[in-house]
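To start, I am sharing the structure in question, which I have written as structure tokens.
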């Protein structure tokens, strides 16, 4: 039953997105714009500062993620369909998981285009260790989206939700950003230190587990009045 | 009909809805003050009053989306808090907003909600709903391409897809032309005949006139009047709503 | 207790006769402790409110969050003043500093949410407080790995008595001030709730 609701919500979001592609296009273009703005701000004499590429990649992911989260739930607010989801006798954590998976897929898709772009513009050897990179991106995205989906869902009822989402989300997801940037930075170093990478990925995995559990646990009380 | 949700919880069965001394405050604003009424199977109850009278809040309370600040709402032997999912499985809501995804087709919308309500055969449920809405041939068109009246019909069938015992409607006549409104009225009469409890909030008295078995008048969050089998609603409404002192105006007529 | 706190505060400047640098510590360290205490109270009260729905816990969490912002601000302002002398820079991306800053940011976000979130934001704020609390170890560990420069801030046990006594005294003062402010704030909210209840029951 739980898995079925997750699948229904995910498939529904996916069908809507495929039909309009609104969030995918705007998020992606926004992310690319971020990268360019940072390129103009940071690149000097044709080269980015050391570690700049990793930072820019993660800033773009965080900004684009915030935008995608806001838009996804704005869509559920338009015809009050989030209310309809809460009115159904379906398990509410399942609704959360369905929305979360949708966000993760969307962000991963954006990253598929962002990573080569950053690698190209900043001459960063991001593809030297594809498995590590994929692992870092995946764990980081899951952590960011786990917190973000819960906050965006609960802010649907709140006033000034557009500004409040980043205000609440960024302080909480600082560990994800630090770990993501440092781990990606370590990949770019001439000598890759596997021990350092393991520490960061372990931290990201712990973050994912803890905050996913917390989100599943608090979704029900947070969404009921 | 399968009387159990797939999660194992029983779908709540009840024959009446009783609102007992219910108040709801938002901070310092009294949205509803000490409302008491009862709605039975096979009857349509109208919540009447101007905008801001508390009709939508009352419906949200009945739908278990809000909890009353004080007082209780009984669904037969059940009380809201204790019976969350099982109770929600037997309530259908047609909101002021349509609760439909405009990008999806009518069929996709209906099948999605059939799945959320745990119906065993989503396709059959959607077929039946499209049939009832008179839109069998438009099922594969996106809802955004529908006229207001068609959307409203789909929205109503979406609210009815799990055959709820209690149906809550918020301003269902808004934006409908005469034909659509009359069709909606006929659909509600069929539901009444099949033994549903129907609660309808509206300020449109002309259309509600022939439909209601009982009328509850709300003004500024208070119940100012209740009437069984009301006729000449409009005169009654004007009389009640223009009374200067609302607080002492609680009266009851049977006609 | 309400009477003693101002007297203690008035007597606090007595110990400020040491060097300029050390003096700040009597404000910095106790306010940092109060900052931490407030955060713990806010977190626990928020969790209890979220799952039990007792409005008293909510008022306590709110009052504590305001004190977290207040004492956090004192900590974050006095810190750099001290650091300028001791380390030669205004700001270090040291674990404690960064973690404090992040905690303070969460508390500010909490207040912003309550102020601008509209109806229902009390529950949301409680959720934020819970997440903020769970986040502390992650911030600590991640910043620790990020910046391993680690100046010894563990001064308390090594201080000679002549420094220790005034420090503890001033910590006590801050604690009383904290309790005083917290109780005042909670009482204010309680009375506000009572006024609301009276207003609402007026003609019922």
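Order as written gives the chain letters A, B and C; numbering starts at 1 within each chain.
Here, a contact is a pair of C-beta atoms (placed from the backbone, for glycine too) under 8 Å apart; a residue touches a chain by one contact, two chains touch by 3 or more.
Model, not experiment: these values are computed from the prediction.
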| item | value |
| --- | --- |
| Pair joined by the larger number of C-beta contacts - A-C, B-C | A-C |
| Remotest chain, subunit B as reference, centres from CA atoms | C |
| Identifier of the chain whose CA centre is least distant from the whole-structure CA centre | A |
| Distance from subunit B to subunit A - Cα centre to Cα centre, in angstrom | 39 |
| Length of the line joining the C-alpha centres of subunit A and subunit C, rounded to whole Å | 31 |
| Subunit B and subunit C, separation of their C-alpha mean positions in angstrom | 48 |
| Subunit A: positions in contact with at least two other chains | 225 |
| Contacting residues of subunit C [partner subunit A, same complex] | 50-51, 102, 105-106, 109, 112-113, 116-118, 120-121, 123-124, 127-128, 130-132, 134-135, 138-139, 141-143, 145-146 |
| Residues of subunit B defined as touching subunit C within the complex | 23, 25-28, 30, 33-34, 247 |
| Sites on subunit A touched by subunit B in the complex | 1, 4-5, 8, 12, 15-16, 19-20, 78-81, 83-91, 225 |
| Subunit A - residues contacting subunit C, complex | 147, 150-151, 154-155, 157-160, 163-164, 167-168, 171-172, 174-175, 178-179, 182, 199-200, 203, 206-207, 210-211, 214, 218, 221-222, 225 |
| Touch list for subunit B against partner subunit A, complex | 5-7, 9, 63, 65-67, 84-86, 88-89, 91, 93, 95-104, 108, 112-113, 115-118, 142, 158 |
